[in-house]
Amino acid sequence: MATWRQTDSPAPMRQSPAAPSLRARGDQVLVLLVLLAIWQGFSLAFGTYWAGSPWGVATRLTTGLLNGEILRHASYTLLEAVAGFLIGALPAAALPFALRRLPIVTAILDPFMVGGYGAPKLALAPLFILWFGIGIESKIALVAITVFFIVYFSALAGIRALDAKLVQMAQVMGASERDVARHIVFPGAVPYIFTGLRIAMPYSIGGAVIAELISANRGLGYLIQLGAMNFDTTGVFVALVATTCIVFLGNWSVNAVERRLLRWRPPPDLETQVGS
Amino acid sequence: MTSHEAAVDVPEPARSRWRPHVVVAGRIGLAVLLLIAWKVGADAAGPLYAADPVKVFERIVGDTLSGSLLRHIYVTLRLSAIGFAIGCFCGVALPFVLRRLPRLTRAVEPYIMASVGVPKYALVPLFILWFGIDDAPKLWLVGLLVFYPVFIAVFAGIRNVDRRLIAMARVVGASEAAISREVVWNSLLPFFFAALKIALPRAVSAAIIGEFLVGNEGLGYMIEHSRQSFDTTGVFTGVVVATALVLVINAVLERIDRRLNAWRPVERDMQV
Amino acid sequence: MAAPPLLEVRGLSKRFATRTGREPSPWVIQDLSFAVREGEFLTIIGPSGSGKTTLLNMLAQIDTASGGEVRFQAETAPISDPTRLSPGLSCRIGYVTQEDNLLPWRTTLQNVLFPLVVQRRLNDQTRARTEMLIRAVGLAGFESHYPHELSGGMRKRASLIRTLVYDPPVILMDEPFGALDAQTRTQLQEDLLRLWSLGRKTIVFVTHDIAEAIALGDRTLVLSKPPARIAGEHTNPIARPRDVSGIMTHPQFAALYRAIRVEVQ
């Protein structure tokens, strides 16, 4: 089943090749300053329609944060993403466990799951809006179905990666089926599940934003669309910055939880994991 | 010496003889069940929320015969193809350029990695502001969504090229260009193909979603326009066709991938 | 009158299922018979590939036999029927495998406690015993380490006391010290003998190292190449307590070594 092979091995968390030297750090700061200067210069020369200005974006962002407007919309988007994420991920992780002793059912389901994984779930956005309205439910549903298939295959890979020797060892020591499931199958699958969670996280926020772009009256996607319709580029940029921050927040959270739960993992060799 | 049988897990031989048939029968059964559920659900939910499968089928046939469906599909695919080509080209070219400029690469790398976190779909309204309401914003979307996985795969692939091979090539007197061509390119080929396999369906997906937001042709336009006109059958039709299209593309890519990699003794899977 | 043997093997035979179903696969073990007395430290030697692990797998009941009988405490164990296998025979047979098979997500202490958790025998008494064993093999201070933070030798020790902690009457050991360096190996051999002398469990210890077999065992069986059967049996005259590191200098070592060496080919 090559389509889900990409989630086969529990890829380690991203490791930077080497700590950048002081010189490299200096270069990076320089690049940032240069980019900001170009941006500011551009806005002075050609006006703020095209890209706003760094100063404009910064001030609008600050006022938006201070009066709570940004946080209100951001929390709406975040709620959609998190709720959808949980509703999609929990059953998806549980299903391979439940079906562990019924490989025939897993085999029967396989082409449907592969089809669901390969199908463009985000293309269902208008359908969900048709069904659930422009409120929060359509966004949650979209996120949930996107996340579900990703996490299902990760959990499946985790269950399949079971080390039979460990199971034998436990059985010799008197472990029951439930003991094996609880102490060996589940902890062994957790790294794989987390790989799936890490992959699915950006999709959850992206899905929420896309649905909001199409039709919504709250949320960061709505703010982006609102800004665009009013030709308010600065507003669009502010909303984009907020959206990106949420993505980083989500990434950080998943990584933090993973680090805590997976302290037992041997450190990976120098590998570059590439994410979307 | 390891034991070949974990006796507690070996299935009876008799059972395994029937298994493939049971699985196939189960799959067909499940498919039929889903179709029946669709019909029943459509009848129960009413024409506003759900479209009758028979009507969807009739619409597909009708639109195909009238040519409008094929036109929408063509528009979407054309968009995907052009965007794919652009994104692919940039995704491959940029790492090779950066390879010659290591200092610049180190300086720019964190920003590139940070930009991965920006949800590209969220940029579409901005693109509309910048590039108008024709194909341009959609091309940018598709291009970006293709660019990132390809760029990351090629970039990481170049980084991971065996330095000894490069050193050997230098010793033999190869020019930098020749090294790029022979050693580097061939080493990262499998990673590049893995990224392509992901990027191509994504390109089609992105085109469709772009069409939700702007434009007046294409599968995405068809779906969203139907929604706004409360034409539920149209929505279902569009979704079915779009899903089928992407699944077919996936299947074809899978075939090609297997054919290309048939000779490979060790499968190299890279997380993209 | 000698007590009946604790563990008895009669005419044990094993061959693996043929893949393509044409030629029956060769016998790995054929008509193997021996007995183990209670409290005995039995060592089994054989060349690589002679089915030593397969034999232990059958004794531990994680693998079926193609023929013959295994009797434990005079009960016959159902070893030809895969559905009736009882791995570990209800925790009466412990098995220290070649790989340490520690659970990577548990700390050293949690790993050693694992059989007690699974057998629902975790209490103050068993905890105290666990701590004693951890100290006895020199793992004190490493209780909260994860397996990947331990050296190979330390993982081996943890794996060893993990079986000792629930005190099964019979313990099978499959070349447990094979992958270690000579110094660690000697240390662990001494630790093992010391712990064994405290409880006098019945041990069946498989190895390819003749010196190790002589240093540890009361009796040594030699397996032939496949189809494996008992090629020889040697009672070890060297008195206990034994000096493991200096075993080769013992006057009775050389003769025993030579006798065994001949049979191992």
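We call the chains A, B and C, going by the order they appear; numbering starts again at 1 in every chain.
Definition applied: a contact is a pair of C-beta atoms (placed from the backbone, for glycine too) under 8 Å apart; a residue touches a chain by one contact, two chains touch by 3 or more.
All figures in this text were calculated on a predicted structure; none of them were measured in a lab.
Trainee: Average the CA atoms of each chain to get its centre, and name the chain whose centre is farthest from that of chain A.
Mentor: Following the centroid criterion, the farthest chain would be C.
Trainee: Per-chain Cα mean versus the mean over all protein Cα atoms: which chain has them closest together?
Mentor: Answer for the innermost chain: A.
Trainee: How big is the gap, in whole Å, between where the Cα atoms of chain B centre and where those of chain C centre?
Mentor: Result: the chain centres lie 53 Å from each other.
Trainee: Need the CA-centroid distance for the pair chain A / chain C, whole Å please.
Mentor: Chain A and chain C have C-alpha centres separated by 49 Å.
Trainee: Using mean C-alpha positions as chain centres, tell me how far chain A is from chain B in Å, no decimals.
Mentor: 17
Trainee: Which residues of chain B are in contact with two or more other chains?
Mentor: 6, 8
Trainee: Note the residues in chain A that touch 2 or more other chains, in rising order.
Mentor: 168, 171
Trainee: If a residue has to touch 2 or more other chains to count, which residues of chain C qualify?
Mentor: If we look for residues of chain C contacting two or more partner chains, we find 62, 87.
Trainee: Which of the residues in chain A come into contact with chain B in the complex?
Mentor: Interface residues on chain A, with respect to chain B: 2-3, 5-9, 11, 17, 20, 24, 27-28, 30-32, 35, 49-50, 104-105, 107-109, 111-112, 115, 118-120, 122-127, 129-131, 164, 167-168, 171, 202, 205-206, 209-210, 213-214, 220-221, 224-225, 227-228, 231, 233, 236-237, 239-240, 243-244, 247-248, 251, 272-276.
Trainee: Considering only the defined contacts, which chain C positions touch chain A in the complex?
Mentor: Residues in contact with chain A: 60, 62, 87-88, 90-91, 93-95, 97, 99, 101, 103-107, 114-115, 117-119, 146-148, 163, 166.
Trainee: Quick check: in the complex, which residue numbers of chain A touch chain C?
Mentor: 165-166, 168-176, 179, 183-184, 187-188, 190, 263-267
Trainee: Okay, in this complex, where on chain B does chain A touch?
Mentor: 6, 8-9, 19, 22-23, 26-27, 30-31, 49, 103-104, 106-108, 110-111, 114, 116-126, 128-130, 148-149, 152-153, 156, 159-160, 194, 198, 201, 204-205, 208-209, 212-213, 219-220, 223-224, 226-227, 232, 235-236, 239, 242-243, 246-247, 250, 254, 257-258, 269-272
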